[in-house]
Every structure is written in structure tokens, then in C-alpha cells.
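Can you keep this structure in mind? I'll have questions shortly.
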Amino acid sequence: MNTTGIAVIGCGRIGRVHADSVAANDRSRLVRVFDPVAAAAKDVGERYAAEWTTEVEHVLAADDVDAVIVASPTSTHIDLLTRAVRAGKTVLCEKPIDLDIERVDACRADLGDLTDRVMLGFNRRFDPSFAEVRRRVAAGEIGRLEQLTIISRDPAPPPADYVRGSGGLFRDMMIHDFDLARFFLGKVVSVSALGANLVSDEIRAAGDIDGAVVALRGIGGELATITNSRRCAYGYDQRLEAFGARGALNVTNQRATSVQFSGPDRTDTRGRIHDFFLDRYTPAYRAELDAFIDMTRSGEPAEPGFGDGRAALALADAAARSLRAGEIVHLRR
Amino acid sequence: MNTTGIAVIGCGRIGRVHADSVAANDRSRLVRVFDPVAAAAKDVGERYAAEWTTEVEHVLAADDVDAVIVASPTSTHIDLLTRAVRAGKTVLCEKPIDLDIERVDACRADLGDLTDRVMLGFNRRFDPSFAEVRRRVAAGEIGRLEQLTIISRDPAPPPADYVRGSGGLFRDMMIHDFDLARFFLGKVVSVSALGANLVSDEIRAAGDIDGAVVALRGIGGELATITNSRRCAYGYDQRLEAFGARGALNVTNQRATSVQFSGPDRTDTRGRIHDFFLDRYTPAYRAELDAFIDMTRSGEPAEPGFGDGRAALALADAAARSLRAGEIVHLRR
Amino acid sequence: MNTTGIAVIGCGRIGRVHADSVAANDRSRLVRVFDPVAAAAKDVGERYAAEWTTEVEHVLAADDVDAVIVASPTSTHIDLLTRAVRAGKTVLCEKPIDLDIERVDACRADLGDLTDRVMLGFNRRFDPSFAEVRRRVAAGEIGRLEQLTIISRDPAPPPADYVRGSGGLFRDMMIHDFDLARFFLGKVVSVSALGANLVSDEIRAAGDIDGAVVALRGIGGELATITNSRRCAYGYDQRLEAFGARGALNVTNQRATSVQFSGPDRTDTRGRIHDFFLDRYTPAYRAELDAFIDMTRSGEPAEPGFGDGRAALALADAAARSLRAGEIVHLRR
Amino acid sequence: MNTTGIAVIGCGRIGRVHADSVAANDRSRLVRVFDPVAAAAKDVGERYAAEWTTEVEHVLAADDVDAVIVASPTSTHIDLLTRAVRAGKTVLCEKPIDLDIERVDACRADLGDLTDRVMLGFNRRFDPSFAEVRRRVAAGEIGRLEQLTIISRDPAPPPADYVRGSGGLFRDMMIHDFDLARFFLGKVVSVSALGANLVSDEIRAAGDIDGAVVALRGIGGELATITNSRRCAYGYDQRLEAFGARGALNVTNQRATSVQFSGPDRTDTRGRIHDFFLDRYTPAYRAELDAFIDMTRSGEPAEPGFGDGRAALALADAAARSLRAGEIVHLRR
């Protein structure tokens, strides 16, 4: 069987996650890696026996590269994905496309149908549990979907430096949940956001919030809430409930083992939930890569695609506007 | 031991619940019951060997009545509680005090300190599980409270006739959740509401919504969401999560037995959750009555009191305004 | 409606449990109570407004007594139940009938069909969860029953004095589980017992064991295990699993509230399970009394009956013999 | 870093599992594979780019082979492991060593201290959940261990042909549970077995049982039960409870996702548990291989070792004797 040649652009934490998935997948091979910092590129390249370079053109021009994973800083995404699709590659781009929706729209105008070649790295759509709920909802198991509850909390806040360049909680963290809401609701027409600064003085000083609840209305009249916190004492809290006319489907948290303890002052106690996004989402990254390989081979439009990345960013912007103005934001239908 | 003589005003469904609690409690005796419909009053009176009457004055003037439970239609609450406290009785008044907050304020102005003698029937504060969470939060077990998630769904919608006179979902159903939010957050400063009509055309025709999500901000910066639905396929869904800096406390649903089934296509399956508010809240009604007897005997101000009833109604009004105007409502601090 | 007049013989802990159930039941009234200790009889009698006596004949000869609950020391059971059924009363006799199976057989020979008037106090058959499993097994939900797992552990060992007169763990504690096994399996044909002394030196000194596992084979080839311990750090551990060709039904432990805690080093933690047999089995005692009233009124043979009491004792004897001889005991089919 | 060269002997189902683990482990490389059937050897060899052969001597004599995994039919284990350790390799031998304990003893006499170079493939000791319970028991979290409950059920019975050569349920299936019991209890001194034929007429015709419960007593007085069935409607049922003076630790079943469904007639329903031993024990096979690499490199005696394989077989023999003779078997201390 032919394998798909994949290059990874950006050898930071998330780039390494992708490099590892590509190397482990029978249907792909990691052919090239790029990072402007030679030591990072070399480290990843040698680990997986891939060519490494500090010149991105060496990746984009290479014949053995069928597909490119863009895992570089957000500000470089548009430039790199544009060059990659123009070079005939498919692209898996980490979220968000950009922090500025006008630049995103300009990119879309520029690329036209080529945006179909860009898949967005909304890994949660590929999580086996979330994907199972989506499938069962689509199959009608709970009847018409009426209410969606998403709770998503990080174990600990990121450094203030990171926060400063992140575009804020809505664009950096909740953007995953906005995409998840769209995965279930399709179009969202109303957004109302409340924010909090209860966790970190540094985040406040950086001008961002560290917790938020957002209420959404879908175009079909469905209602949703998203709850985020930058800190969670018991681990990486990732839950969802889809409630419909005939029942509900829930995704509960997951743990490394299935051990329970009962003693004098407590019973059925489990250990911490997964603490780290990778422990929680390793199977999702694997499945995401499979979908990317499929899309590269088939020529079908990517899903989630450029438009999904744009729509999630638009929801993040609407939430930011709701928070700033203290009002409910209604989106064009 | 002396027992507290209690009269029940109103012999409908909720009046019967109270009559039954009073009769079963060692510290109280059911002395009189009133209903304008003689058959109803007689039925309850004979069942518990209490005097029955269709003349409310026979209850309010009676020496053997120390305390009165007002379980009549909402529109009669203010008149009856006013006459009862003026007659020297303590009052346990079913929620809401009234549908019109101006009438509530007029009543407060009229009664002054006598409002201390009026306890509000927010039974969920007395639910052993919710009360345990509140105690443990107050004891600092989860650190500072940061986020509160309340999900509350009825098994089936009420008749449209009932809906028409109910004051709407916020004043009739979510008022319990507003009080529960206040039980944890104290003062609420922002309210944002989204509503839905997905369940019942009759409710829509009656001008009401049948589902809603509300986002709240507490005066301490805490965030909360409340999710309501007038229909829930699997029973009477009553859950709460209090999330804080050092952990979380959850109340999950409850069932009549602890049986689980595993078979070819499903595992660890439990039966329906409690279907009926009485099955779910019987212990809460018992504990509420105990608190009412304590308050009657001690002369201490009621808790939850008239002010709590007023505050929950104000939140319901704010939610209705938010829904109508499509904006976030900010309350006076 | 006519109520059934019931007398309670023996005003110790379990006698009081029954007196309370009788008084609370709409279909029965507590008419008389007996205890040889006047203070005990008086205390219970006055609490429930029943006549009290230290002369058992005053109970047995009374016309207002339709039915008698025998809750006196085990050694008096046979004498009292014999006199009561001869006096025309139905009897609910606490387990075991007697510690000596020969005396039980002599009683059966003596009473003949009158034993149909004797119901045995195997309360677990009436526990809503165990009874639900039994019903669903009988309805074929798990196909043919193949394996049964019973775990039953007391919170803390009884005083050594009690142990000395108890007949040993098998006749005193596991007898409930033997009856539960028979409730599911019907006839048992093989018994193998292993015992332990790990909990209490006093129990060892009294010549008894404080833990045991017993393996059983039913007449249909089903296999079962029973695990008992006289001490359980987390409460009164009462679980059962019925496993069949098409699935399994489990009864898990129960708690007073449905609160769960998650914090830095543990998640989904619940509180202690019920600690006390009464908290766990209150609904069972209520349902048992209902069945006793039904049987008293209908004249149908009692179930569980005298024969069930005899059979459970025979299993306890077989287990004791297996333990003593170190061999598997095969019962006559 | 140097990698450990490993050969796999036997390219059937379990041999492929090991080959996959070896290939995926950073610290080992799969250098050679053997199977008497060329097609099987070639298939596995080419899949992992290892040399393949139908001559076992080509494996045992090879310098690049540091360690050998024996995954061939049971009857060949002793011959192959003997030749491998004599050739200076360490050995990971699948269970059981042999069906005949006399041959095992002869092998032990023959090899002497060389048996330290033989690790037994009791993979459950390396399951993250069982291993965690063992560690926490050893750390004293539940006080002295008093009772152990093991439930282990296969999804579906093996073919009758397989059963005929398997040595019977005790030596083929329950041997894992006997080892698990020894993992917790150390030495076992009493064994009592009851068997059943409820699942498969073919298994009965093959002279074997298809279900069993076994009671054990450890040398410290601990009690244990093991329940096995060759069929389980809801999947591969693998549970354990360690009960001690201060609490209990349970291992519950595991599933592919954490989705729960609630609908009109059931709530909190999960999907099937893992159906296949590989899905359940993949992490265990990985950890087992790590321990084998460590032992190969360090020269330390294997754990679990040859003696553990012998002891588990002795328990299986004792259970078979107990079943045959209908008596409790007491082992030499």
C-alpha cells in the first residue's frame, strides 16, 4: 500500500504530537519537519528519521510531501497554509486560523475553492466519545436535539506571556467548545457571555479572563451552555451532554485505570481524571490524522474545514463582544 | 413534649403533601385545614383527623393554630400570609409570593418586621443532597466557589391552562433554581436568558417558553448556568455542580433502587430516575417542615424568608426582561 | 377499612423496629406489646399507645390480636410461635427459628399444616432492589441463571457475649445470605465453606469465625459464592450479582445522599454507604410487614415460610460441618 | 541507546500480539520470528521487517537475539524454553509452562538456577489497574488484606477442539486467576472447587466444565473466591476486589468510550465492556514486555518466574482434584 508523505511545520509541543502520530500510522510516513530553530527541527527529525530543515520552502517544494501539518505560531498560519495549498499540498492547520477574522476572510477570498484543501485541527470532533455521541444524535437516538451542555476546564492556567499573545480565552481555549457546539448545532444565532477573574492575577493583568460561561442559541432553536475555567483541581475536565426529546447522551471524564477505593470516610473513590490534554485526546489525534489522510487521498473537501475554522472564530469574537458590551450578540442568519 | 399546631390552607396537590408531612411529624399536629371547595377540605381533614372548614377565618382565628402553611393559588398568597401573620401565626408560604413584584414590595412595606415570620417554601434548600453540598462548600471543602451548574428538567409539561396562569417558566419553574443559585452565590448581579419553544405548541400558544438557559454572575464574580426543560424523557432531572478553587461537589440523580443491568448491547444500566417531584423531594419536605417548626418555636427570623422569595422573583423578572429585550440585565448591587 | 391488630413479642432492638413499622402502616394497628422486662414493654407500649404486658398469655389470648410478631430471643421462638398459631394467630418469626434443627423438625411434626401460618423474617427478600432483581430474573431478562455472587459485611463485630449465644456466623449472620441464595436458586445441593479469624480475638476466643466464604451449587447446576465479614470499614456492605446466559443484574450499595466530590487526589467520591441495617433495610421491613398483613388476611401459606427457615438453617449447619471437617458437604436432593 | 534483540517463537494469535509490542517498543527490536508454518512466519516477519524462519535453531543460535518469547503450543514450551536458556537467552514463556506438573518439576530439576532466566506470561500482573491495586495494598492503604474476590468471564466459549487440548478450564482459563490470587495472597493452602456445565454441550462432551467457582484460603488466613464462566453476554468481564481491615480497592470493567445514555426506560447506560482480551489488556502486554526487557538487561531473577508458573499450575491441579473428588484440597505449607 502506498503511504501518504506528510511534513510537519513547527516542532513545538503540538508539532511533536503530530509527528508522533504520523510516524505511528501505517498509512502515512513522516518525510520532513521544519522549525526555524535548528535544534528543534533536528531533534524531531532525527527521532523519527525524517529530513529536517529550517527553510520552509524545502518542505513546500518537496515532491515526497503530499500533505502538510501546520503547527507553527498562529500568526504564521495563513501565510503557510496559503503557500502549501498553492504548492498542491493538503493542509491540516492547527486552530485558530488567525486571531483576526478580517485576515481570515481575506485569505478565503484569496484562495477560493482551494480552502477545501485545508482541514482544521479541531481534534475533539475525532474523540471517540464525542464522535459517538454525534453519530447517535444524528441517528435519532435522543430524538430532536434540544439542549447541549459543555464543560471544559484546563488543569492549570498557562503562563501570562502565553495568554498575552493568545487572543484571549474565547479565541484560544473556548474556540474548541465553539466548534464542538457547531458540530452539534450547526449554525449559532445568539451568543451571550459572562466572564470571571477568579484564578490568576497575572491573567487579569494581561487583560484576559480566566473563566467564562457562554449561552448559545442554535438556528433550530436549540439552547447550549459552555463553561470554561483555566484551572481545575482534579484534572482536565472535559464533559458534554446532548439532551433531546427522547433522552440524553453524556460524555463523562476518563481516567488511566478503573480502580475504586472505599474506606472509612469515602466510597467508590476514583483517581484523578486525565490531567493532560494528550492523555485525554491521544485517540482523537490518531483519528484526526486518519481523516486527514483520507481527505488527502480522496480529494474530498476537508471536514472540519476552513469555513468551520472561520465560524468558530466568529463565535469567539461574538462572545468577546458580548462580554465587552454586556449584551447578547445576535449573529446574521 | 408540646406539639406545634399547624393549619394547612389549600387542599390541592401541594397542600396534601404538607398535610401528610405535618401529620407524620412527631413535633407537630395537623389541627385545621381549609379549602374553599368543601369536598377537598373534608377529604383532607378526615384523612388526618383535623377540623376542616371553607371559612379561612376559622383557621386564622383559632387558638390551637400556631402556624399556617399557605398552599393556595398564588394570587391569594399575599392576602392570606398578611392576615395570618397579623393574627400572630408564623407562615410557610409556597413559592412564589406573588407574580407581581410591586405587590410583593407593597406587602413588605405593609408588614415591616412581621415579614420575619414568613418562611418561603423553597424546598430544595432542605434536600439532603443540596444541603450537604451547601454545608461542605461553606466549610471550605472546595475552596472559593467559582462556578455553579444547575440542571432542572420536569418529566412532562403542565397543562396549557396551568401555564397561562403560572407567570411563565421563569416565575413558575426556574424560580426554584434562582433560589438555589442564591443559596450558593448570595447576591446575583447579572442575568442573561435564552428561551426555546421545542416541546409544546400549546405552551407556545399560551405565550410561554418550554425550555431556557440562563447565565448568572454573582456579586463575588462567580458564574452560574441554569438549564430548564419542561420535558425530560428519563424522569425528573435534578442536578447541581458546585465548582471551586480546590475541587467540585456534584449532586447526581436518584432512583428507587440500586439495581444495574448489563446485557448484550448495554452495561451498568439503571432504571428511570425519580419521575415525580414528591419521590425526589419527600425528605426535603420533611426537613423543611422541621425548620418551620423550629422557627415557629424559636421566634428567629425565617430562612429562607420573605426577602428570599422577593429576590428569586426579581431574578425571574430579570430573566424575563433579558429574554424579551435580547440583552443582559444588570441588577443593582 | 379494617386494620389488622398486631402484637409484638420482645421489645429489644428488632422488636422496636417492627413496632414502628406496625404503627406507621395504614393497614395495621399495634395493639399489644410484650417483654419480660416491664420497663422495656412499657417504653414501647407508651410510645405507640399500645397495651403493654409482661405476661405473654395476655397477648396470645387477646381477641384484638390477629397476628403476632415474634422478636424475642431465639431460644424462645419455637415455644412462642407454637402457642401463637395454636391460639389462632398468624406469626412473623424473626430468624432463625431455632439454633437446633432437630428441635425445628420436632416443631414441624408437632404443628403440621399450622406451619403455613408462620412467616419467617427474612427481610432481604422484601428489599426493593433484591426483589426487583428476583422479579427480573424470573421474567427471563438475563436468561437462565448461572452464577450468583453475594457479598454481605457488617460494619462492626457484635459483642463477644452476643457471639457466644448466636449459634455462630453461619446461623446468625450468613443465614440471611443462605435464604437469599435459596430465593434465587431454590434447592442447594452442595456446600463448601472456608472460615477466617482476622477481625476479633474475642470472637476467636468465643469459638467462632469472623469471616467466611461459602461456595454453593444449586439443583439446576447454578453456582454461587457468599462472602461474609464481621467488619467493614466503609459501612454495611450488601451486594448481589445474578449472572445468566443473557446478562447480569447487580445490586450496588446505597447511600443517604447522591453527592460526589472531586478534588486534587480523588474524583467522584461518595460518602459512606449506609452504616446500619435499619437505614439500609427500612423499606424492606415495611414491605415485609405488608406481606405479613396480606398473608394474615388471605389465609394463604406464608412466604418465606417455616420450611424456608428450616432450609436456611440446614445450609448453615452444612456450612458449619464443611468448615469443621474440611470437606464439601453434599445435601440430599 | 542499545535496543534488546528479541525473537518471537510461534506466530499464532498471541505470538502476533508480542511481535507487535516488541516492534512498537523503543527499547527493543524484533529481530527474528519462527513458526513451523512458513506462511505464518513470513507474514509476521515481513510485517515487522524481521528475519523469519521455520528452523527454530536459527533463532536460538543467533547472536542478535538477546531474549526469546515462547508463544508456541503448550506442549512445546518446556523443550523450547530449556534450549533457549541453555543458549544464553532470557525467556518470556506464555502460560502454562506445561499441562503436566511432573514435567514442570523435571524441567526445574534439569535447569536449576537457570529457571531464574524464565519469566512467565501472566499478563494481568502488569495490567495498570490490577498493578495499582497491588501497589496500594502493599502500601497499606486498606490495612491487612482479608478477602479477595475475582470475577473473570470470557465473552464466548472456545471451539471444542481447543478445549480438548487445553488441559481444562482450571489449567487453561482460571490459571490466570490463580496467579492473580497468588499475586495478592502469596501462598495458598486450601482449595475448594465447584464446576458447572451450563453453557456448551460441546464442552461437556469434551469432558470439561464451562463455569466454576473456587474458594481459596491463603497462608495468612485470607479468603478468596474466583468465579469463571466461558460465556458472558456483555463482554470480557474482568473484575477484582481486595478487601482489608481499613477499606477495599475494586477494579471495575472498562470500555472504549465514556458515553452514557438515558432514555425513557433506562438511565446512565454504558456500552459493552471490552469484548476482546487484547482490547482489555493491551497496556498490560506493553508493560509486561518492559519488565521482560528490564529483566533481560539487569540479570535479575524473573518475576513472575518459573516458580510462579509452577505454583499456578499446582493450584489448577488442586482445583481439578477438588472438583473430581468433591472435597476441599489442602496443600502442603
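A, B, C and D are the chain letters, set down in written order, and residue numbers restart from 1 in every chain.
In this section, a contact is a pair of C-beta atoms (placed from the backbone, for glycine too) under 8 Å apart; a residue touches a chain by one contact, two chains touch by 3 or more.
The UniProt protein names, listed by chain, are A, B, C, D = Inositol 2-dehydrogenase.
Nothing here was measured: the structure is a model prediction, and the numbers come from that model.
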{"item": "Intersection of contact partners for subunit B (Inositol 2-dehydrogenase) and subunit D (Inositol 2-dehydrogenase)", "value": "A, C"}
{"item": "Most remote chain, CA-based centroid, reference being subunit A (Inositol 2-dehydrogenase)", "value": "C"}
{"item": "Whole-Å separation of chain centres (CA-atom averages), subunit B (Inositol 2-dehydrogenase) against subunit C (Inositol 2-dehydrogenase)", "value": "40"}
{"item": "For subunit A (Inositol 2-dehydrogenase) paired with subunit C (Inositol 2-dehydrogenase), centre-to-centre distance based on mean C-alpha positions, whole Å", "value": "58"}
{"item": "Contacts with 2+ other chains: residues of subunit A (Inositol 2-dehydrogenase)", "value": "142, 233-234, 246-248, 253, 261-264"}
{"item": "Subunit D (Inositol 2-dehydrogenase) contact footprint on subunit B (Inositol 2-dehydrogenase) (complex, rising order)", "value": "233-235, 253, 255, 261-273"}
{"item": "For the subunit B (Inositol 2-dehydrogenase) and subunit C (Inositol 2-dehydrogenase) complex, residues of the former touching the latter", "value": "128-129, 132-133, 136, 141-142, 246-254, 256-264"}
{"item": "Footprint of subunit A (Inositol 2-dehydrogenase) on subunit B (Inositol 2-dehydrogenase) - complex, ascending", "value": "142-144, 146-147, 149, 151, 153, 190, 192-199, 211-217, 221-225, 227, 229, 231-234, 243-248, 322, 326-328, 330"}
